[in-house]
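In the two complexes that follow, chain A is the common piece, with chain B as its partner first and chain C second.
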Partner chain A sequence: MSFLEVDDLTVRFGDTVAVDHVGFAVEDTGRLGIIGASGSGKSVTSLAIAGLLSETARVTGSIRLDGQELVGLREREYRELRGSKLSMIFQEPMTALDPTMRVGRQIAEVIALHERRSGKRLTVEAELARVGIRDPQRVGESFPHQLSGGQRQRALIAMAIINRPGLVICDEPTTALDVLVQKQILGLLDEVLTDRAALFVSHDLAVVREVCRHIIVMEHGRIVEQGDVDDVIATPEHEYTARLVAAARGTL
Partner chain B sequence: MSLIEIRGGAVTYTRRGVPFVAVRDVDLAVEPGDRVGIVGGSGSGKTTIARLMLGLVRPSAGDVLFRGRSIVTGSPDELRRSASLVFQDPNSSLDPRMRVDRIIAEPLRRRATPVEIEEALASVGLDPQHARRFPHQLSGGQRQRVAIARALVADPKLLVADEPVSALDVLVRGQVLRLIRDEVTSRNLALVMISHDLTVVRELCNRVCVVHDGRIVEAGPVEDVFQRPRDEYTVRLLEATLSL
Partner chain C sequence: MRGSSLWAGAFLIGLVALTAGVALFWTPFDPTANGPLRLAPPGWPHLLGTDAFGSDVLSRLMAGAKVVLLVGVLSVVGAAVVGVPVGIAAAMLPRAWGEIPARLSDILYGFPALLLAILFAAALGGSTWTAVMAIGIATIPAFVRIARAGTLEVLSQPYVEAAQLAGLGPLAIARRHVLPNIAPLVWVQASVSFGIAILSEAGLSYLGLGSGPDSPTWGRMLREAQDHLFSTPILALWPGLAVAFATLGFNLLGDGLRDVLDPRLRERA
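Right, the complex of A and B next:
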């Protein structure tokens, strides 16, 4: 049995089918890249797994995480799960972090949750240092707007891994960053995702190739192609994948 | 004579009461029909250089000349009529309360004829039926096309594009870049393209300036800089650029 098993997942908003009978599996240390353009259903798929879709979404099919069925779970149960077994890293850390709260306090809240569960003592500074923040004390005392995009994303990654989740879902985690910071953050993610399962959602094949070996390509809510990332890039079978590859190569 | 030239330009902002030099010692000339890329990381000063060039920020040192005349000591009016700007995010650069036809006609400072609007829409690949829509009724790519139509309607000589495709979907990016390239070529416009994405600059520009820490650390023909970078920062930027 795989750590994450998605089977026949369908997500509807009214009459619109955003995710259409999608299935895949990720092993406990596996990484899967989900590639697609805007509206392909890649983010809705990841939000469905994290239980973060709006109430208007109708989710059918099966999502099993470490053997536990997630479809139909109550919000209270999901909240428990999000703090322990799965976490998410979003594209824009500015909106994922609370702008009115110092970063250290936000991290301390997650730490408190962790300590209640594990009984282990952690410090904000050590958790920030673990994600490569050089002056953790100053960063901890700062509000999100006082930090650079890279520092904010590192803080968010710190929060995502404090509870040692089995699955981390990264949704376009480097899209808002410049190329130099992107490279650093991809290196950090590669490191922190070791020994856990990860879903890596992006429109950028070159970025996904940095962290994943296996990818699925989504269009109109369906998986249109899947396989080894280098094979898919070298010989895309689907016309849509070929267009994504051409776009990533930047040839006008 | 250059179309626009920055000589020894510097810009100082005040941050929490403390002066902060955003760019310094900037020497940059853009000739008619030139296509110049300005690349650098976040906070490098590349957008400030563009703002300086357009007279949107006053230099704390140096001068900015449009067709040989200072826009710092003289009037920037002629420059304003000859230059236009396309921003990164069409969501915030288009007035949400205006319909597309009014948005496009803004730079003309008069009511545009239906034929002018139709031509402006056609030039960016949009149907005439888009004229009466509001920005929220368009996709991101369509909105950026409207922003480009607005930028071109008053027949500028210089187009400054600040990260024009960063907020767009990967498949739409190519379409919008092709549109910018084709319009710049057919109208013989000078283009200044600000981007952190070196691939974009390589596709569209003939010259490139690399900005780091508020200074131009390297400048030259695109292929020279990309194939034989001399500055350590340029090397790092090129190494960090992911490609297939």
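Right, the complex of A and C next:
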């Protein structure tokens, strides 16, 4: 049995079908890239797994995480799960950190939750050092706007892995960063995600190829193609994938 | 420029507070005593002159500062303490539940402070406390609205999702993330509401629904001065200036506090 199993997942907003009968699976330490343009349903899919869709969304089908069914789960039960088995890294590291709170306090907040559950003691400095921040003390005492984009994203990655989650969803984790920092962050993600399952959501084929072997391509809420990333790039079967590959040609 | 509005505001409010403090123990004359010298121009011994009843204007102004601080601060703080949590809850509760406090506050918004005060006065009798309660209750919806709108904005931010994903419960999110982020809005609303509260108190006093005739307020002084606006316009000037400065002081203080409380603005400029 896979760690994450998505079956026949459909998400509707009113009459609009955002995700249309989507299914895939990710192993314990597996990685899956989800490629698609804006509006393809890739982000809605990841939000559905994280349980962060708005009340207006109607979710049907099945999402099983470590054997547990997530569709129809109560908010309270989801909260337990998010603390332990599931976390997410967001696209925009500036807005994903509370601007009124020092970075160290935000990390301490998550550590406190973790300690309550596991009893293990962690320090803000050690967690920041884990994600390659050189002066963890200064970064911990800073507000988000005082840090660089790369440092902010590292801090967010630190927050996402404090709970040692089994699954990390990365939603465009490097899109807001410049190319050099992108490389470093991808390297860091590659390292911290080695012993866990991960979903990589991106519109950027080149980025996903850095970290994933297996990808699915989504368009209009459906999976239009899937397989090994190099095979897909070499011989795209679907016309949409072909356009995507052509567009990314310069960066591949 | 940085911090100057905070200090200017603190200075003006400090002046009002100091005046009110002094007036607790000492005023040049008894602010409620009627003297033989009516509508006297500013001079000695009545530095700001006397009003139509021969009372010393400076003494009445000083005594009025007490009422202003009491009514303004208590009603606004009370309204914020009730209104902000209700507004946050209205935004964070599931849609169907959140609509209830939001709509109730809208209904309350429909009643002018004066009308509420008349209701209260009928039940409790006119007093400073009636004014505080009436103005306070009438001010609640403003805080509910601003807190709800601010919270909805904050809830759409990714850092709230990030906090949810870390496993934080709704109460912790409200306290640690929502409240600090809507605090600037609340401060500005409080300073605006304070100005409105001073003016409402003036209106209530005029109708006999606020403080009794024995406690002079700036509003009462303004209304009384109205009768002599053509013969002795200077009578309206003093309480008018006092209201203007107190209101300005709170607005500046609100602005200044917002700048200091918001870490994003703290080191700009």
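Note that in this section the second predicted complex is superposed on the first by the 249 of 252 C-alpha atoms of A that agree within 3 Å, B and C clash if a C-alpha of one lies under 4 Å from a C-alpha of the other, contacts with A are read in each partner's own complex, and residues count from 1 in each chain.
Basically, a residue touches a chain if its C-beta (ideal position, glycine included) is under 8 Å from a C-beta of that chain, and two chains touch if they have at least 3 such contacts.
It should be emphasised that the depicted structure is a prediction, and the values quoted were computed from it without experimental measurement.
**Student:** Would you mind checking whether chain B and chain C clash or fit side by side on chain A after the superposition?
**Tutor:** Result for chain B and chain C: fit.
**Student:** Should A:L177 be classified as contacting the first partner (chain B), the second (chain C), both, or neither?
**Tutor:** Only chain B is touched by A:L177; chain C is not.
**Student:** Between chain B (first) and chain C (second), which does A:L113 come into contact with in this model arrangement: first, second, both, or neither?
**Tutor:** second
**Student:** Would you check which partner chain A:T45 touches, where first means chain B only, second means chain C only, and both and neither mean what they say?
**Tutor:** Touch partners of A:T45: none, neither chain B nor chain C.
**Student:** Have a look at where A:F143 lands relative to chain B and chain C in the superposition and call it first, second, both or neither.
**Tutor:** After superposition on chain A, A:F143 lies in contact with chain C alone.
**Student:** Who does A:T241 touch here: chain B (first), chain C (second), both, or neither?
**Tutor:** So A:T241 meets neither chain B nor chain C here.
**Student:** Once the two structures sit on chain A together, report how near the CA atoms of chain B get to those of chain C, whole Å.
**Tutor:** Scanning every C-alpha pair, the shortest chain B to chain C distance is 6 Å.
**Student:** Please name which positions on chain C make contact with chain A in the complex.
**Tutor:** Against chain A, chain C makes touches at 94-95, 157-159, 161-169, 172, 176-177, 180-181, 183, 262-264.
**Student:** Sort out for me which residues of chain B touch chain A in the complex.
**Tutor:** Listed in rising order, the residues are 41-43, 140, 169-174, 177-178, 181, 196-200, 202-204, 236-237, 239-244.
**Student:** Okay, in this complex, where on chain A does chain B touch?
**Tutor:** Residues in contact with chain B: 37-38, 148-149, 177-183, 203-207, 209-210, 233, 243-252.
**Student:** Can you name the residues of chain A that touch chain C in the complex?
**Tutor:** Residue positions touching the partner: 50, 52, 55, 79-80, 82-84, 86-88, 90-92, 95-101, 109-110, 113, 143, 145, 156, 159-160, 162-163.
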